[in-house]
Structure formats: structure tokens, C-alpha cells
Amino acid sequence: MGWFSWGKKEKNQEAPAKEDLWTQCTACKAMLFKEEWHKKWKVCPVCGFHDKLAARERINLLVDPKSFYEFDARITISDPLKFTDDKGSYAEKAQQACDKTGLREAVVTGRGKLHGLRIVLAVMDFNFMGGSLGSGTGEKIFRATEFARKKRMPLIIASASGGARMHEGIVSLMQMAKTSAALARLHEAGIPFISLLTNPTTGGVSASYAMLGDLNIAEPGALVGFAGRRVIEQTIKQKLPDEFQTAEYVREHGFIDLVIPRKDLRDTLHKLIQYSMNTKVD
Amino acid sequence: MSFDFEKPLEDLETRIRELTALKESKPEVQTNIDKLSLRLEEECKAIYSRLTAWQTVQVARHPERPSLRDYIAGLFTDFIELHGDRCFGDDQAIIGGFATFEKHRVLIIGHQKGKSVEENIRFNFGMARPEGYRKALRLLRLAEKFHLPVISFIDTSGAFPGLDAEERGQAEAIARNLRDMSRIATPIVVLVTGEGGSGGALGIGVGDKILMLSNSVYSVISPEGCASILWRDGAKAPEAAEALKITAPALLKLKIIDEIIPEPVGGAHRNMDGVMKAVRKSLLKHLAELKGLSIKKLLDRRYEKFAKIGRF
Amino acid sequence: MSFDFEKPLEDLETRIRELTALKESKPEVQTNIDKLSLRLEEECKAIYSRLTAWQTVQVARHPERPSLRDYIAGLFTDFIELHGDRCFGDDQAIIGGFATFEKHRVLIIGHQKGKSVEENIRFNFGMARPEGYRKALRLLRLAEKFHLPVISFIDTSGAFPGLDAEERGQAEAIARNLRDMSRIATPIVVLVTGEGGSGGALGIGVGDKILMLSNSVYSVISPEGCASILWRDGAKAPEAAEALKITAPALLKLKIIDEIIPEPVGGAHRNMDGVMKAVRKSLLKHLAELKGLSIKKLLDRRYEKFAKIGRF
Amino acid sequence: MGWFSWGKKEKNQEAPAKEDLWTQCTACKAMLFKEEWHKKWKVCPVCGFHDKLAARERINLLVDPKSFYEFDARITISDPLKFTDDKGSYAEKAQQACDKTGLREAVVTGRGKLHGLRIVLAVMDFNFMGGSLGSGTGEKIFRATEFARKKRMPLIIASASGGARMHEGIVSLMQMAKTSAALARLHEAGIPFISLLTNPTTGGVSASYAMLGDLNIAEPGALVGFAGRRVIEQTIKQKLPDEFQTAEYVREHGFIDLVIPRKDLRDTLHKLIQYSMNTKVD
């Protein structure tokens, strides 16, 4: 089934209060008519700022209606360290993330069609604990990659992540190796993998699957990098340029193939899949 | 250099030193010296057997702790260092080369930390840039072509977080190593000798066996970093170290590592020969086991090794 | 822009222009215009059929000569440029991407020259740095994985002879391409459209078919460079051009290239549509032939193609 | 058979004239006793300058006595362009090179033993038209590489070259592709190739086989680069540092594994072959 789109959800609700009709652009602070903004998939019509999409929203953006079948929806967080900090336990924090997002992990995986072409899709959700890479996240991506390999379907992973999920300690770190190993086999099998880097893609996620696409594509202005800006500034003791670690900057340094505005994303991906699967020219 | 928690040892050592100085004139102090020496050893054993996670971090970072070059000198003959990533440079924070280990010709890669200011500048404190990871991968491919088993020594606080490293693709370099190391068709033994710092460690850390020295640590983030994010106070590093489960025993329990190599009493920095002996024994065992496997079996097992971490 | 040897054409063109301006008032000049036009075409054909090697060099370097982007616009649909070498940067002197050519999905790579000062700075006059060659190789590997035939467009005076290019391994980058392109398991058609300048050209020039436009050149060294070394006088470039045998007919005779694609009368810069038509026809023929071969046969033939050059 | 060594040649000759007993170091201008200098394989005992070795001298340096069997000794230059410049024909110039060097091409190839290990060896000679890569050079290297692949013997190529031989035009350029293609197959077959870069290794030779070693090793101070110093200075309009394009500089930039003094060359190569062929540890 297709997941709820914002528009659909709207219809099922009461008429919204007046203050709910408007939202403000995070970047340029312009007041935007919410429905318009959602129709443009949260891209500001004034400054072009691409706001974060929830996993379900991005899935709606990318796949044909009613074509998405989710994998492993019951996989949720595990707590191998029984981790607790002074503000409480990881278990509680994770439960809150589940409640807030309606998800059980920081990634939704499944198969679907994009303009009729079959794809395997993994979409991270930054709202779920900063899109951090936990063992559940890693396992779901690993399984989706294995599925793509076995069914010989192209794989698209849309990343949005601050990095590894430190509450799972070394188990989280090892998800980098685990997902990358699955991609090694996918590559050996000759199956295309397109990595979509969205704002932000950093740390352990950028240092594993997000950078391993046959094609790495990114959304405009997305933050893409390994180390955090503040850490780097402390290390080198100088201020970094504004454009540092933007998608465009990373493209110029050779690590991103294309920066694609959200409005063109679906069509561009469609073309890239056609080339990568070398389907017949219509 | 000694730690706070080693104060009792230091006191004993001082007293033994004082008595030894008297021995010439008062031979009868020998009895006392013997007693104190025994106590010193027991105390040392006691302290090191109940190190907290944070204390272990400190031991793992001890400046006198054996570094890669000590292992090269202590375990191998005929080391030939090989340079360069064939792309941009020759990072000195990760080095590598051919070496002979008992009856095995092998390839070594590893983080290189310095013991002096000059060395630390040259080796960038063991924090590698992309060209370090790319050099390692190039050497791994050589090892694959030449059928040489690989021993990877991990000892880094992390990949270098610098402007140039970001520009030249730190993330991509580590990612590619993770992917490609999973398929390098030759045995790879990974040994964490000191600090296993996050992606910077894992970038040369994918292998068939993951071994740790008993006082080394391996972590997704430094305790200080974790404390400053989750506790919003870097001083809470001891709490974070505990919570992160970064010591060898904790990681063995989590089934992340395959074996703990016991350090001599009082830590590796107190007894270089003892460490070498223990490491030699362990490496010999694991190399023999891995060399007995077919390449297919080896790679299948390596894949499964990582696949099962965090499996549901 | 026109050349010395085109002076007769220029004169005719001027007179035709003058008469055409009179036509309104004196319709009878049409007969003269027709005559002159005929003479112009004949003269043009005559001049271009007996170009010296040095004159061909000048035509091959004509600033209005179709560049890579003209071919992309004229021959392909759905071009998607792909960026970066996954190592250091995104050289604009060699670009590449997916494109559709009739019923074929293909990958294009090629040197990009500019037609204005700004463009020439951006594209570095089509002189690539190591990252350009490395990007090309990355894209070639993509083409191999995705089973896309490759069309490589050559038009460069040479690889960039700069300090940074040397530091980042210009020699290594070209060498690796020569080696790896010989084994890329997908058809590769190479088309020299303008200047085929030495190793900088060959660096993306190893393939199954080497085609040349009739007024393009391909040489081990620029005529000026050769003249200044062997004649010790750069002004002797015309002599060197002749001696080096760098024109398409000479290279066909030497069995270095597979086909000459005839340019329209007066050169490619005079008739873009005509060039496109001729190139399209040739590419279609060669792609069809190469796609009919097994990969093994393709690679064996590619190997033999280069093995036999200068065989004894 | 072993090739004439300098010492051997000396013995067969009359007592040399006094002025023949001494030579001058090209680098530091020190006066050197010729016999001593030759015993050190033309390395200056004062400043360590490594002077050029003729192909036969280097073969003597590298292989066990009487172990060298030459390949394709009859291959000599061809003149596909019938090239002539204002000082005469290529054919004449090549004949002079043959006469001067006692060689027929700029490379000597063959098989031999190095401390008992079988190797295939190609050694360029700068004295033969600046070690330029002609079709004869290319063909000999191609054949030696094919031999190494078929017999599964490690290949060592010692380069010394100013680049392609322009008198053979495009045929010379194509030798870069031809030799590199042979190395591609050697690599696929899993056979080691050690490239030894000696002073100078530039242009088309550095941009083909010389840079393609599994291991690239160089002699101290050897000039290694692609473009010529003068061309680069004209291009970038600034003076280049002294150490630019030295073996040590190129090593620091990641393209050379080792810089080995001539006195250690044989032993180091022996070890490298042992590792690369993974022979049994004694």
C-alpha cells in the first residue's frame, strides 16, 4: 500500500486552525502557505531550501502510488549495552523516538516501483534519533541489500543521519562494516546501487554505505561530510568556509556525481536506473 | 608517567628504590626488599585486575605503550616499508609493508603513533588522512595478489578531522575500505593494541579475527566525545567509558572480538617482552587456523562474522 | 577566423556578399552569384583536398570546430553528466556521463575545450589533470558494470603540464588508464575529433575502434614541440608536422586507425549538421559491429589491435 | 652467458693510459679513481650520485653470473615514417646509436636469476637515443611481459628514458598502450611486476609501464616525472623547487614504494621477489 501522504492525511482531519495554515522557511524565514510547501515536498519556493523529509514522505516522493511493500517492519531497536546516561535510558529514549515518528527504526526499507521500474529502497528518517545508525538500522539495510542482490533489483538508499548511534556502542560501529560488506557482494553481483545523500549525511553513515554508490547523488545544500564542523574548527584552529561540506562542495571535490533538486529527483533516478540496468530504449 | 590509580605502586617502588640504595651498607634490608617486591607485584596485579573502563582508556593511551614499530621490531624480521597510495601522498599515520613472522611471509598495516613531539607531528598522532586508508587498501590488494596473510594493528584515537582530510574524502576512503576489506581474498588478522577509535580504527579493521590486548579499548566514539554530547559535560568521560562498554572483556562478551591477548602484570608498557610473547603466540595460532581455510570458506566466514553483529 | 590558405575562399565569399547586396536593385547579378558560389565550392573542395599536414593541424585547432558539447547536443539525447574521480576532484577538462544514442544507451567520455576565454579557463583548454583521467576510468568501470558501450571523444593538445598535475601523478593516471582500458569489458569506440595530443589523448584513447575526422590529427608530440627539439626551431613546425605523419590518411595507411570520417567540404567548422550526420552513421555502424561480439572476442581483438602495432 | 662487466673488459685490455685512470663525478665534480667508481657501479663515493648505467652493466648488477639469456637480440629499430629532419634521417641516427652502444634497441630483455630466483628482466639504456620508446623497444618489452605471464615468472623492468621516440611518430605513442595492455594481462594472471625507475624516467615511459609496477622502486635522486621541467615552468610561470620530480619527491607524493641505493638493489629486489612470489621462508 502507499503510505500516507501529507495531502491525504490532511483530508482525514478537521479543518486546520489558522496558525496551522502557515509555516516558516528554516533558511530564509519566509512565511509559506503550508499546503503549497508540502506540495513542493518541503522545498521553499522563495530560497529553494530543501527541508528534511520524513521517511514516509520521501517514499511517497519516490515510488509509484501503492507500489511500496515494506520489509522487516517489525524490526525495532535493540539495546545491547543496556545503555543509560544521566538523562535516562536508551530504551526510553528509543521508545519516545518510536512514538514521535510512528517508526520502529531510523530507516524504512522495502521494494516498490519508480515509473514502473522495480527498485529496492531504504529511506532513513532523521526524526528518529537523528537518523542514527543502530543495529536495527544496519540489519534492515543489510537485509534490503541482500534482497536486491538475490532478486537482481537496483538498490537505492536515501541517507539522512548524524552518524553511528553511540547508545549501541561498538555494535553500532560494526553496522558500518556489516552494511558495507553487503554492498561489496551486491557490487560483485553487478547490481547497481544508487546512494542518495540528503541533509545531513555525516559520520559513520557517510563513511559507509552513503559514499559507496555506483552513483552518489545529493540534494541541493545537503550537509555531507565525515567529521563535524565544530570538531574540525577546533582541530585546525580556523573558521571553515560557509560552503564547506555542502553537497555542491563535495561534488567539486569528486565524491558526488550529481546534485539534484527534489522536484527532479524522481525523473532523474528513473533515468539513472534505466542506464544502470541498461533497459531497452523506448 | 604513571596514573592516579597507580599511586600505591609508585609508593612501593620508591621504598624499594630507597632500600636498594642502602643494601651496600646494610645487607639485612634484602628481606624487606623481597617482601616489598612481592607486595608490589600483588598490588599491581590487584589494581590491573579491577581497572575501571576509564582507567583502561588511560592505560591504552599510555605514551610508553608499545607502538607499531615496537611490534615490528619485536615480532617480525625483514620488514620492508612500502609507501604511497598511488593517488595523492604517503600518509605516515598508517604505514605498511612486507615482513616475515616466524615461517610466514605477511603484509603488515597499522596506525603509527609517535612517542615524542616530533614523531607525533610526523605521524599526526596516528590519526590518518584519506591517503592513509587508500595506501592501506593498495597494500591489501598487493597482499591478495601475492597470497600474503595480513596483520592489521589498530591504535588510533580516530581518523583525522581536518579540512584537508574532508576535502580529499575521509568518508569515502573509510567506506571503500570497509567494503573492499570484506572481500580481500587473503586472511586478515586485526589486533587492537591500544586505542580503537571509531571509524578511523574500523577503516583498517575488517578481518577474519579481531583480537584485543587486555588493556586496549575499542569504541564507536571517544568517552570524552560521548560525554560531551550525551552528558553535555566532557568531564563525565569516566561514566561514558563505562556505559559504552569499550574494554576487551566487555567486547568479548558482546561477541565483537574473538580473543583477548593478556598483557603482563601492570600493563603492556611495563613489560615489552611479555607482550610480544603473548601476541606472537596468539597470532601464530590464528594465522595457522586461517591459512587452513579455502578462500571461499574464509570470505564466507568473514561475511557472516559481520552479518551476525546486531542480527535479529 | 580563417587561415592563410583560405584566402581565395575569403575573396570569393566577399564578392558573393557584395553581389548579394546588389541583388535587390540588379536581379541579373544572380547568375554571377551562382557562378561564384559554384567556384567557391570547387575551390573549397580543392583546397581542403590538398591540405598540408600543418594546414590540417590548423583546421583541427580551429576555435569554431565542433567541441564535445556540440557532439553531445547533435548526436545524443538524455545526457546526464556524472562528476568526480572519488579521490580528489572533478576535472572539467575531461567530462563524461550517460547518454542515449539512437537505440543505444551509452557512456560518453571526452575532452572538453572551450570557445571563449572563460570557458577555456574553466576547461583548462581541454588539458586534463590526473583527476580527469581518474574520473574517466571510474566512469569506464561504471560502463563495464552496467554493460554500456563507451564512446570516447578525443580533442586535446595534451595532458596538462603543471606542477599540481605532476604532484598528483599525471604519469601514473595515464599509465593506469592505458592498462585498465585495455581490459574494460564493454565496447569502446574512440573518435578523434580535433587534436589528438600525445599521452593526454591516448589516456582516454584505448578502444576497439579508433576513428578520426578527416581534418583531425593524432600525434606523439606537437609539431611545434618536435620542431623545437629536432630542428631546434619551433618555426619549423610545418616540416615537423609533415614528417610526423599525423593526418588521418597517413594514420590509416599506418593501420593505426580504423576509419576516417569525412568532414563536409571546407571542414567541420563550416557545417555542423554535415559532421553530425557523418559521425552518426559511422558510430552506428561500429557500435552494431562491436555489440555483436562476445566480451571475450572483443577483448582479445582489442589486445591484438595494439599488440600488432610495431610488431616484428 | 654473463655480459661483459667493466672489470672483465679492463683485464682484457692493455694497461690504460694515465688519464683513463680517473673520472669526474657529474654531480660534485670530485675526481674519482675509475676502477673504484666502477666497482661501486658508478655511484660517487663522495656525494652518492648515481650515474647512468648501460643496460649490460645493470644486467650484471642484477643477475647472477652467467644466468642471463637474452631475448630477441635481433630486434632492431624500424622506421615506419621514413623520418627525416634537417640533420638527416632517423635511419642514420639509429645506426649511430647502435654503433655507439653495441645495442640494437633501447632495451635489453631476457631471463636470468637473481640470488637463484628466476626472473624476466628488461633493462633500458639511456645511451641508446635517450632510452626512447620506439616500436622495437615496445615490442621487446611486450614479448618479455608475455613470456613472464606464460612462464609465471616475475617481471622486472628497469626504465631509463626521456619518453616516446618521436621519430617513429604515432607508432611510438602506441607502444605505451601496447606495453600497458601486456601488463594488464600479466596482472590478471597474478604475476608480480616490479618497476625500477632510474635516472631519468619521464614522458611516455613514465606514463606507461614504469608507473604500473605492483611495486615501483627508484634509485636515489632519479628524475621521475611526466612533463619536462622547462615546459612546466613555462606553463605555470614560476620556478620549480630543486627536489621537484626526484625519486624521493615522487615517493612522498605516493607513487613510489621505495628509494633504494644501488648497492642494496640486488638484495632488496631479492626480498621483494620472495614476498611477491611468496616463496618458502628459509
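What to note about this one:
All chains are identified by letter, namely A, B, C and D, in their written order; residue positions are counted from 1 within each chain.
Keep in mind that, in the parts below, a residue touches a chain if its C-beta (ideal position, glycine included) is under 8 Å from a C-beta of that chain, and two chains touch if they have at least 3 such contacts.
Since we're looking at a predicted model, the values are computed, not measured.
Chains touching both chain B and chain C: A, D.
Listing every chain that touches chain A and chain D alike gives B, C. Among the remaining chains, A is positioned farthest from chain D, on the basis of C-alpha centroids. Pairs B-D and A-B differ in how many C-beta pairs touch across them, and the larger number is found at A-B. Per-chain Cα centroids separate chain A from chain C by 42 Å. Centroids built from CA atoms put chain D at 34 Å from chain C.
Shown for chain C are the residues in touch with two or more other chains, namely 86-88, 168-169, 172, 176. Residues of chain D in contact with at least two other chains: 187, 253-255.
Taken as a contact graph, with one node per protein chain and an edge wherever two chains touch, the assembly fits none of the named shapes, being neither a line, a ring, a star nor a complete graph.
Annotation, chain-chain contacts: A-B, A-C, B-C, B-D, C-D (touch as defined at the top).
Those residues of chain B lying in contact with chain C across their complex are 86-88, 134, 168-169, 172, 176.
Touching chain A in their complex are the following residues of chain C: 78, 80-90, 98, 100, 102-105, 131, 135, 142, 145-148. If you check the complex, the residues on chain D that touch chain B are 187, 190, 192, 214-215, 251-258, 268, 271-272, 274-279, 281.
The touching residues of chain A, when paired with chain B in their complex, are 75, 78, 80-81, 83-87, 134-136, 138-139, 142, 164, 166-178, 180-185, 187-188, 203-204, 206-212, 224-228, 231-232, 235-236, 238, 240, 244-245, 253-255. Residues 159-163, 165-172, 174-176, 178-180, 182-183, 198-199, 202-203, 205-206, 218-221, 226, 229-231, 236, 239-240, 243-246, 251, 254, 256, 302-303, 306-307, 309-312 of chain B touch chain A in their complex.
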